[in-house]
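Going by the order they are written in, the chains are A, B, C and D; count residues from 1 in each one.
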Amino acid sequence: MSTVVNSTMQQHQTCIDACNKCVQACEECLSSCLKEPDVQARVNCINLLRDCIDICALSAQFMSRNSNYAKEICNLCATICDACATECAKFQDTHCKQCADECRKCADECRRMAA
Amino acid sequence: MSTVVNSTMQQHQTCIDACNKCVQACEECLSSCLKEPDVQARVNCINLLRDCIDICALSAQFMSRNSNYAKEICNLCATICDACATECAKFQDTHCKQCADECRKCADECRRMAA
Amino acid sequence: MSTVVNSTMQQHQTCIDACNKCVQACEECLSSCLKEPDVQARVNCINLLRDCIDICALSAQFMSRNSNYAKEICNLCATICDACATECAKFQDTHCKQCADECRKCADECRRMAA
Amino acid sequence: MSTVVNSTMQQHQTCIDACNKCVQACEECLSSCLKEPDVQARVNCINLLRDCIDICALSAQFMSRNSNYAKEICNLCATICDACATECAKFQDTHCKQCADECRKCADECRRMAA
């Protein structure tokens, strides 16, 4: 297999892994946000987490199946991950900080995929 | 509730229903395509059905939760439904004809939502 | 087509429709619960809604594709729908009452499917 | 944090990772099966792959959110992964062999989770 193909596959894998890590971080963060005393202040955050989980999970699947629409879905995924990262970054607890970090990494990888 | 709000909700509902019908038609069509003697000729069709199922299911959920990204996902959904309709329309059997029809209706509703 | 086949298909369709209606009711209810002043009291409810949405969406897809595991997933779906109905029924607002109603109908249809 | 909690979290993580790897292997295998000259012989395999992808993706999400139903869904996931492994193992190509291997690992982890 040529180096070009290998590096394309490697880029794919990095992005799939980032999406899967982001799904997990968002699910954990959503469960943890619901337990926080200021849950009322986290409604926007929780709503973004819902969308981020679903689009990241689907992006990982579209890339794994080598879909013709992998770039398009990664493009939308990057947008939602960015918004979710911005929202999570407003809160000081560990789960939101970690989730913001995974969302940012995932947004970067998805932008690279979509390019 | 005002007429404007009601008609927005009605439009939403019409699109959610179209997405759900499209998911079902695509799942049935994929199962039926796999049983056809010319399954080898249907590989593109099957791959489009996989994508169409997933994006329609997610679009219905984003609309139901009134997501900020409902328009964006409906926009991508319309693109994939169009491609799936074109591919299904190449085959003469009932399941492909019906699926092409549901995909076209869903694409139209999603474009209206995304507008 | 024989009456037996027709009634099986009809039963399938009734259950698919119940699952799709339940997904929508749960997504709407979750979005509405997050806006309520007593959101803190609704954490169990919200967590059950998350599970109920996902299992109902997948059950509809397994039935549509005529999966060998449609009965098994409908069986688990009935369990989760029942729990979600019980939790939603604790709250007095319209969205929770309606959601509890759809969850109960979906649980009944899923039990019939799984039988 | 106690050793018990840590080892529970570790077990969770191992199973989530196994589910994610299985989703990817199944998506890749399904795409590759569709390109094989004997696709007609692979219909059962393709249908099992469809179910396996969806249940593994959902199991990873239920575990990540620490759902009350994580054990139940992992139990069904193990059943479907076993069936998919058996079917994939019938074919000699690399993608089916690798997929059978990931399905078996995932089934084992899910059974441990469900215990």
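Everything below uses one rule, namely that a residue touches a chain if its C-beta (ideal position, glycine included) is under 8 Å from a C-beta of that chain, and two chains touch if they have at least 3 such contacts.
Here is each chain with its UniProt name: A, B, C, D = Four-helix bundle copper-binding protein.
In this text the structure is predicted, and so the values were computed from the model without any measurement.
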Chain pair with the higher count of C-beta pairs in contact (A-C, B-C): B-C
Whole-Å gap separating chain B and chain C, where each centre is the average of the chain's CA atoms: 21
Cα-centroid distance, chain A relative to chain C, in whole angstrom: 27
Where chain B touches two or more other chains at once, by residue number: 30-31, 47, 50, 61, 65
Overall pattern in which the protein chains touch one another (line/ring/star/complete/other): complete
Complex interface listing, chain A residues touching chain C: 30-31, 34-35, 37, 39-40, 43, 46-47, 50
Parts of chain C lying in touch with chain B, wherever the complex brings them together: 16, 20, 23-24, 27-28, 30-31, 53, 57, 60-61, 64-66
Touching residues on chain C, where the partner in the complex is chain D: 47-48, 50-51, 54-55, 58, 61-62, 65, 67-69, 72-73, 76, 79-80, 83
